[in-house]
Amino acid sequence: MSEFDTVIRGGTVVTAADTVRADVGIRDGRIVAVAQTLTGGSRQIDASGLLVMPGGIDSHVHLAQPSGEAVMADGFESGTRSAIAGGNTTVIPFALQPRGASLRQSVMDYHREAEGRAYCDYGFHLIISDPTASVLGQELPALVEDGYTSFKVFMTYDDLVLNDRELLEVFDCARGCGALVMVHCEGYDAIRFMTEKLERAGRTAPFFHGASRPQSVEREATHRAISHAELTDVPIMIVHVSGREPMEQIRWAQHKGLRVYGETCPQYVALTEEDMKGLNMDESGGKYVCSPPPRGPADWEAIWEGIRTGVFQTFSSDHCPFRYASETGKLNPKGRTSFRWVPNGIPGVETRLPILFSKGVVEGRITLNQFVALTSTNHARMYGLYPRKGSVAPGFDADLVLWDPNRRETIRQSLLHHGADYTPYEGLAVTGWPVMTLLRGKVVAEEGRILGAPGDGGFLRRERSPYALP
Amino acid sequence: MSEFDTVIRGGTVVTAADTVRADVGIRDGRIVAVAQTLTGGSRQIDASGLLVMPGGIDSHVHLAQPSGEAVMADGFESGTRSAIAGGNTTVIPFALQPRGASLRQSVMDYHREAEGRAYCDYGFHLIISDPTASVLGQELPALVEDGYTSFKVFMTYDDLVLNDRELLEVFDCARGCGALVMVHCEGYDAIRFMTEKLERAGRTAPFFHGASRPQSVEREATHRAISHAELTDVPIMIVHVSGREPMEQIRWAQHKGLRVYGETCPQYVALTEEDMKGLNMDESGGKYVCSPPPRGPADWEAIWEGIRTGVFQTFSSDHCPFRYASETGKLNPKGRTSFRWVPNGIPGVETRLPILFSKGVVEGRITLNQFVALTSTNHARMYGLYPRKGSVAPGFDADLVLWDPNRRETIRQSLLHHGADYTPYEGLAVTGWPVMTLLRGKVVAEEGRILGAPGDGGFLRRERSPYALP
Amino acid sequence: MSEFDTVIRGGTVVTAADTVRADVGIRDGRIVAVAQTLTGGSRQIDASGLLVMPGGIDSHVHLAQPSGEAVMADGFESGTRSAIAGGNTTVIPFALQPRGASLRQSVMDYHREAEGRAYCDYGFHLIISDPTASVLGQELPALVEDGYTSFKVFMTYDDLVLNDRELLEVFDCARGCGALVMVHCEGYDAIRFMTEKLERAGRTAPFFHGASRPQSVEREATHRAISHAELTDVPIMIVHVSGREPMEQIRWAQHKGLRVYGETCPQYVALTEEDMKGLNMDESGGKYVCSPPPRGPADWEAIWEGIRTGVFQTFSSDHCPFRYASETGKLNPKGRTSFRWVPNGIPGVETRLPILFSKGVVEGRITLNQFVALTSTNHARMYGLYPRKGSVAPGFDADLVLWDPNRRETIRQSLLHHGADYTPYEGLAVTGWPVMTLLRGKVVAEEGRILGAPGDGGFLRRERSPYALP
Amino acid sequence: MSEFDTVIRGGTVVTAADTVRADVGIRDGRIVAVAQTLTGGSRQIDASGLLVMPGGIDSHVHLAQPSGEAVMADGFESGTRSAIAGGNTTVIPFALQPRGASLRQSVMDYHREAEGRAYCDYGFHLIISDPTASVLGQELPALVEDGYTSFKVFMTYDDLVLNDRELLEVFDCARGCGALVMVHCEGYDAIRFMTEKLERAGRTAPFFHGASRPQSVEREATHRAISHAELTDVPIMIVHVSGREPMEQIRWAQHKGLRVYGETCPQYVALTEEDMKGLNMDESGGKYVCSPPPRGPADWEAIWEGIRTGVFQTFSSDHCPFRYASETGKLNPKGRTSFRWVPNGIPGVETRLPILFSKGVVEGRITLNQFVALTSTNHARMYGLYPRKGSVAPGFDADLVLWDPNRRETIRQSLLHHGADYTPYEGLAVTGWPVMTLLRGKVVAEEGRILGAPGDGGFLRRERSPYALP
């Protein structure tokens, strides 16, 4: 056996299936050996007492994305910096097509944003807001061929919503080109209807964001998306599922044999509708405004049930950061007049792994191997990065996180590396914390210190998802 | 006890609850006594061996209604003539608001059509196709006050479809004025999508009408309507439910405690998708084209399950007659080019009762009392005609059908009195047949002979539905 | 029309289907006319402002039945006196076969108990505790032929429990002779196991009666009984269903198309497990000890859901009275040592109707007509007394209750006429109260006063249940 | 890196999570390295074009077990020979306690049977047929401590059936000592009842074995076992699940959050009830008699649904072989008189893997990784053999099967190595076949030739199941 650039010694290697005491040998940025004992190695890392896991893949983050008049708190630099500090090695943000724009051009714009700035590897999902004949007939198939093999569509938001006819056309197109469709399931008309009703009643505090999009609105859109997928015979991924009602729709579809997949996020097992009350129904509730909104503890249990029984394949952050105390963030002037103008989204790329580890593994709801599957392996498989990313085995990129399963931390804004000025998880005590992150063999973060550099991360041209095969 | 105009002797009186040997005394068009033995009576009718039941109420018929370029085969005269021959004494057709028109004006137009022509009593449901602010703010509440206490909305059809926002506004308005909303649940966009796809593939025979609106399309719209009703906290009636999938949605809603009601029709227990094949996929399949389309025998069983376990409250005809061999009917020139232009609808007001009696009561699926509930009492209750209509008891209008439970007939076009030139049930053998119909004490039909006259029937101003109470 | 013995004037007649303003004419103990206005009548009763309903039929009461070393607080005299005071006109108690005894002889014994003592009419269900070949081969079929057309079997209790093989044989026999099987569904072995475990842990207070037979034990037995019924293709009635879990089993069976029926009782919508705590876990909790035990408010809602959606056909009292402060009642010497020896059962025949009326009709959960169905009509139908009992229509026995829907009362032991020395509903405020009870035309109770006499009531030979037809 | 005894080169390593091109280095019977390229090795095995998977673990086989008057066709020698030829490296047969016997003594008896005869490693599940106080209080806990950490109980069979009380005591004991309970769920009384009924009707052909234990009987027992497990708060494994009805019970329990696990077998996706008809209802149908009996194609789909959605964790053979043409096998003299005497069970240890691979992986129902999980990893985890057995990773025993995914074979008795004289899968064409089996680094089978020797396999003292932790 040839020499290694780096050997990680003495750790416990965890994959989606197995947990074994083993050394890991790395050469040229790839894992080349997993063995009981490896000697040699230009660099040797002592992983005694630590878990050696595939780096987190966060397949749902928003970076540098325009959002009405608000400005996202993270571009590629701070966003991926935050990601690696949190134990991640790949993110898949979105390249949003503004209405009227070319899809290809939009992708190019995001590449320009990302180029030279990323601390970790990245791919792009597309967001299709304008499914014209040329988009569906030419641009999308070509982009899929070029490695943008998944895209998201929205059933709400003024600038993004597709109507049912458009959804059907887009689904049909996805089927033709083997792309995986991600769907944001909330019903636009219902939300508008409720929003106006609440505003007319003077109910404009951030808390009413939740009332404007109750779970039945998410459930209805979920059922609708599933039905469209059934009609067009195309697999779909329902993203950021928030509670029992949409979860049960997905489960029902899975039992029927439909290829419907599900994603959930930390906010749906750690935040509640009550958080949006802030202090005495004030604007600080805006810190928790995201869509779908956090529900409550009974729904946390439903989400765990879905995780435990395999309804959900991925656990992502839906990192969508805005500054709180900012004219372009949560406290923008219009946002103070109504929840409707509070930008939707919360930061979370850095806290995803610790929250799932602590509430999931440490509290006994999932196994270590499920943790790896939910945070890394399944993302790689779902989005066409496997077998390059997503496991600790020969041939995979040496994207690793060394994890201390016993380390206790309290989540604080001061610990984090994102561009937002707050974290919605402030004060949350967790057990388990990333102590080192390696990207293709290079140590890019250690004990909260960033050792990597902008540009370390590169673009990932993704294969078609095996979940989207005909 | 005072004298009777008419006494019906020796029959077996059936209500939604009871089956008793009793005489029925009528005075001034009303039932005044139900007793073991009644003497006197200007006219005496021998009902020995017959069932004496409340006249059928058909709460879902279309008469004199424009339908694109097609012409409905029945106006009020032939439609109500057919109704009474089939054992009915009340029908509730629709007063359709064309887009851009005043709702009140539309109602007046239908009154003009009906005035002096009806053989049986009638009310009107409204059809709201254009829910403008003035319609919802003024016209609709005023019409509800005037006795038009229910209305139908459509989730499909070019000229009628409401979008989700409109549905929500209309539901909300119904809640405010205590009207009962009937919903035609099929998804417009999905149907258009499928239709164009089928047409592009050259699949234009009437048979493909079914393929253009599969059950998942009806199920999705049903779920959507239920969700909108949940959001606005308003009861709804899902009409013409065709199979297992939408039935299960309604049942699920009922189990959740939502006030969601259901109607089904003869075509969903007696016709199948295969019927639309005609002879070798020819245009005669158009005779069976209606919406939702007939499904198949497995769905018949699901519909019976829903009837048996109380998912459905009413069994209506959805009589919507077109001539087959007519340029303005099924065989219109465009209709020959694609199923899309074949007018949707089949005649059935005259055959509803025999089909349910034969397949339901005689074949042991429902009791006699359920038959009365499904064909009369529940319609009266659901649509605000109770306790004037819908039972055989003192105080009720003497609207009665005398029914021979043992009479065997084979349904033939030659037996029927509608304006259509065919019946989709041609050749269907049934047991049980109406032998006499009384409208407010007057014998209007007997053994297939029409004894009543146009104008015998009058307009029914209806109370608000108790099912729609807040 | 001939003359009447009695005319009830000015009331509102309520049947399972209809609510009408009508007079009721009675002759020779039977209803002979229901009419808008009836003149004449030897006796005239003013029912203005009152509901005229069929007398309550309580198809689940225990009278004069041995129960280990405890003595039942009601024989036929006090039990039926209490029944008529509560608006009932028929009860169906049980004739219990002691092990080793002849079924016929047991029936004769109960006849002797009842003869000349009953204030209302009565039939007998059998209880089969010893299904020998001669019982199943000869006695049971003969007794069914003689009008004892239903019987109960037990899945628990030392002296009564049948094992699965016996249950199957009994079910199979019922199928052959057209009897309706009532099943007490609680698992014997599980209860014994839990009881001994609790006793070993010193948990002997009455409260632990509930813990010894949790809902999963009832659910399991319910599933088992349903499966045995499925295997032998015989309809069964699951009696005294206490909560969501068994309710959902019955609903599941009904949806499968099995003929499984359900009964529930006042204790399952008005008492809770907490009641068994008494005062500080003392022996007064024994007042609420019955089987299955009361559950809690969430289960009340499940029971209402089952009532509303038709899972349950009958609402009975399961009147099974023991004195509290008595050596032969709840406070028997052994009962003080462990819940296991506290006799199971509570009085309720007199309070059944007011509790259902108040919580059901007045609080808006059911209609007046459902009240009549649940308290009278469905019992008559289910147990072969229809059309002699169970409605207000010509030909029926003049068994009537005149009901004041607006009368407010607070249930107190001092108001009641049973033999027990307490009521578990002490202090419960209700709206709606029986003001007069007529048995076959005779006023037997009025405003709490007993006007009838022992022996007024007679034995009812019952027809086979239409629900048990092959 | 040190030297290897054996290196497997050029294959594709498959674990429950990953599929990677890698070499595998073995030393001292253990896997010590998985790497892109491994040099050295005393022996080198070319695995080009082959899958390198963990050897099959068959956690449900019966060897040398008495079965009434029938004699099992396989002892440890032929049974394990058949196992390794089929790609397995571990089996877990049962050590049956005859009633009245000591559990420890029974285990010793089986050890004597196995000692020096096994071609592969083996553990023992216990079978508890006589749960006396000393068995539950002393023998069982001691045996669990000694590595017999799971046991099976039966809800049917004359010599094995436990009643509910016994089941509860045994479950409770399992909870106390951390053993995993496997339950054979079929209802004894129901089977006896049906058997006698069928025999009285002269329905004695092997085909009626199926009719004597329909799916409702299995479903009922499954529900009962789950309820007992719920009451005692103990995890259970429901073995050999045959169809939709029991599968749905397990799923329901899992959704409730109960720790209920499921196993299914090849016969439930490859055989049907019809097979038991033999040739014209003759005795050759006995070749397919096993319990639960094979169901039909609709149930195959339900089983796949359960496999796909994670209801089942393990796929075992339930190898329970009898000779067909033998006085001590299927054609024993009594067996010819009634299905009741046909010994229950079929051979299958050698065909399990090819059937699941072909119908599962090749036909697209499961992934390669699911195949490994279902045939090896999950068995190891479930029964306390992990991380010694069940994966291909450093530290695991070098128990491997080299698999040709493209090899087409037709299953024939002549290919097999078991002691039975037939296979129920005769003529079944499959794709995918084991070409080499290694037990702790030694090649024990290759291309159908047995290279190992009796005694190669050793006893496995098992850890407690992590699934059975409190």
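We call the chains A, B, C and D, going by the order they appear; numbering starts again at 1 in every chain.
In the analysis below, a contact is a pair of C-beta atoms (placed from the backbone, for glycine too) under 8 Å apart; a residue touches a chain by one contact, two chains touch by 3 or more.
Since this is a predicted model, take the numbers as computed values, not measurements.
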item	value
Where subunit A and subunit B overlap in contact partners, by chain label	none
Chain copies touching (subunit B, subunit C) - same or different residues, decided at half shared	same
Length of the line joining the C-alpha centres of subunit B and subunit C, rounded to whole Å	40
Between subunit D and subunit B, distance of the C-alpha-averaged centres to the nearest whole Å	58
Junction residues of subunit A - those touching two or more other chains	none
Contact pairs between chains, per stated definition	A-B, A-D, B-C, C-D
Subunit B-touching residues of subunit A, taken from the complex the two chains share	163-165, 167-169, 172, 187-190, 192-194, 214, 216-217, 219-220, 223-224, 227-228, 230-231
Of all residues in subunit A, those that touch subunit D in their complex	1-2, 13, 15-22, 25, 30, 32-40, 254-255, 257, 305, 309-310, 369, 372-373, 377, 387, 391, 393-396
